[in-house]
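Several structures are given next for inspection.
Next, two complexes with chain A in common: one pairs it with chain B, the other with chain C.
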Partner chain A sequence: MLKLNTLMITLTLLYTRSLSAQAAGTQYDIRVDGLACPFCAYGIEKKFVKTDGVKSVDINIAKGLVIVKTGADKSFTDSQLREIINDAGFTMKSYTIPGNPE
Partner chain B sequence: MWTSKASIINWIHKPATLLAAFFMTLSQPGYAHDPIFGLGPHVLYKGGVELALHSHRAKQGDDKETEFSVEAVYGITGDWLAGIELPYVQEDAAGERITGMGDAALFTKYRFWRLDTFGAQESAAVALRLKPDTGADEFTTGTTDAIVGLTYGYESIKWYRWASARYRLNDKNDQGLERGNVTLLDFVAGWRPAPPSYLNADTVWLLELNGELIAKAKRNGASLSNTGGDQWFLSPGIFWTKRNFAIKAGLQIPVSHDLNGNQDKADYRTSLSVEWHL
Partner chain C sequence: MKRLTYLVISISAIAVVFAATVYVAWIPSPKEPPYELVAKWGAKGVDPGQFNEPTGIAVTDDKVFVSDSRNRRIQVFDHNGQFIRQFGNPRNKQSGEESAILERPMNLSIANQQLYVADYFSDTIKIYTLGGEFVRAVGQGGDGPAQFNAPGGVAVSGNGNIYVADFVNQRIQQLDNNGQFIRQWGNTKTVGVWSGEFNYPTDVAVNNKGYLYVADGYNDRIQVFSPQGNYVHKWGGPFGMNIFGSFNGWFATVTGIAIDPQGHVFVADFYNDRIQKFTEDGEFLTAFGIPGNSPTHTAIAVDVSSNGSVFVADYANHQIQKWRPGE
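Moving on, here comes the complex of A and B:
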């Protein structure tokens, strides 16, 4: 009986954590080449903010990093991210999703 | 001033106005971190809109000319833009002041090469600018002229460099007057004293070397002696931005001139622009 209770609690905790993660959405850390000036980088912010489901955009020019946070029901593919960055006039080098083992 | 017979005679006897008027119609709108007087390869993001207000002033001998213009630019793709510029001109000459609309300009620029690396962007672009005959009689050249340009630029967090060449092809007006074609050469360096941060104000200092090589004008096929020649300018400038707002200012100081016949050299030229990216 004790083992069953422990299993139930564990499953409940995992399910709650999963729901919480979904509600928080996804963060994309995008490495962008060509970033050198804040005025030009505005195009990146503008392109992402116009995309449905994007909650915030932060740009770190010194690190060549664009951090995009989305809502729970929004996700980007590699090609979508590359297209947005390219339309803004830059080149996406890579991206990671913090907390995602992949 | 070049469309009526009286204006043409006035123009021939007052060659000082020639270069000032050239300057007004040669003024190159800036896009983002491009040179102030030269041409750079910067374009606008896809779907982006740039609105800008420009003020250019030139003094040459006893003549002063000021141009105010409104410019709108649209980013067709991430590498291609198109825009329009509408100028309003004020000229002070011989104790008189005249004002009116200058010739509008349509322009486009295509960035055909781009190399992005960490913290730097290198690129090259071609540009075309058309100036149809749309201004007031006092200010229109009475012609449709074209400027083609080729430019290279390198932009990094600390340093900038640009080089460009432009050629202005002038048409002949109804009175048989054909202004000389113009070659423009620009070499520019830029320096950012402090590392940029996205939401903070950012400053870049510029130093340009601008050359103007102008052929003699012709009237009914005959060269006009007091026209054309070469001028070179050293031009310090500043580019200040905060997020999607920019102010650009520069001063052209003549450092060398070899003008044909009896012409006043340019005393100075200034440029002040404010830009918004929307």
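Moving on, here comes the complex of A and C:
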């Protein structure tokens, strides 16, 4: 009985967290090769801001990091992110979603 | 053993001669004292006099125009940093025209009493009076003639021709005053390191003899073309072939270029946090800037007033720097 309760609580927590994440949208921290100056950083930003569902884009040139925040009903796959970065003339090294287990 | 000794001595001698050659040939000494910093203004923010990533600058005899990129506006100051006006921002819309609104202003140019703005996100060159009234936009997005993909800089020649650093298309375009295509340099959408080819060109300038100077961004060099369109020469590190560094006359990503009335060339050397000054033929004269811990990106754009003062857009600190010739 204790095990069943624990399972129910865990599932409820996971479901709540999932709903909360959906309502808040998703943040993608994308590492990009060759992010040398604002000119190239803005090129990546330009691609993302013209993509439906993207709420904001921040760039940290020193860290080679592009931070994309989406609306609740928008998500990207790995290949979609790579395609956008490639279209801007650069190569995506990796990405993480803060708060998500690796 | 004797042979090994001779070998080591020979290799050492060759290395010393090579190093000396490199030093003499490619690391010139300053011919002028560095400039002196006389003023700086601005901080990160949205209010008048504040900036969010300034990326372009152009000056007249009494005013300084700044591309305040993330605030989507041009701010105008006097030469001492006193705010005068702003325009181009949707919140401060004056003309009512949608096309008057700036999306991501970059390098600037002033000619014929008009301000030319390379608007990176809208893929156009936007033209305003010096009072801030929108005049017209030139170009549209694409990779055909008179189309741009992320224009980074603009210049205007004495006859009114417009030159555009078409950043992502890897080319420079020359348009007439009406925006009609005349010619281009570089191979569209193709990066190259040979003469006449480009690697993300960021800015352009035209001197009073009609020579075109190109800030060939990631090739870490300047390229020069004659009024007839012929390649003349290039400089920046050994052979001007995409070899970057922090020595005199070398660059680490060039992001802006300006020419004073005497023909001196000023280059914003982004990763070296400095402005370098050259003769019109590319001979190194001096360098100056605000150094930081690691690259801090304190010099992204530059312009020179008729009295010799140099104004610099400081990307990292969200400021404008004013320099005067050293004594």
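Convention: the second predicted complex is superposed on the first by the 84 of 102 C-alpha atoms of A that agree within 3 Å, B and C clash if a C-alpha of one lies under 4 Å from a C-alpha of the other, contacts with A are read in each partner's own complex, and residues count from 1 in each chain.
The rule is simple: contacts are C-beta pairs under 8 Å (C-beta built on N, C-alpha and C of every residue); 3 or more make two chains touch, one makes a residue touch a chain.
Keep in mind that this is a model prediction, so the values were computed, not measured.
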Which of chain B and chain C A:L81 touches, first, second, both or neither: neither
Touching partner for A:G89 - first (chain B), second (chain C), both, neither: both
Partner chain(s) touched by A:D33 [first = chain B, second = chain C, both, neither]: first
Touching partner for A:V54 - first (chain B), second (chain C), both, neither: neither
Touched partner set for A:G43, first chain B, second chain C, both or neither: both
Chain C versus chain B, contacts on chain A by residue: B
First (chain B), second (chain C), both or neither touched by A:V68: neither
Where chain A meets both chain C and chain B, residue numbers: 36-40, 42-43, 46, 61-62, 88-89
Residues on chain B engaged by chain A in the complex (per definition of touch): 32-33, 42-48, 75, 77-79, 114, 116-121, 155-157, 192, 195-200, 202, 204, 241-244, 246, 277
Chain A - residues contacting chain B, complex: 32-44, 46-47, 50, 58-62, 64, 86-91, 93
Chain A residues touching chain C - in the complex, by the definition given at the top: 36-40, 42-43, 46, 49, 61-62, 88-89
Of all residues in chain C, those that touch chain A in their complex: 53, 55, 69, 104, 106, 120-121, 150, 152, 167-168, 200, 202, 217-218, 253, 255, 270-271, 294-295, 297, 300, 315
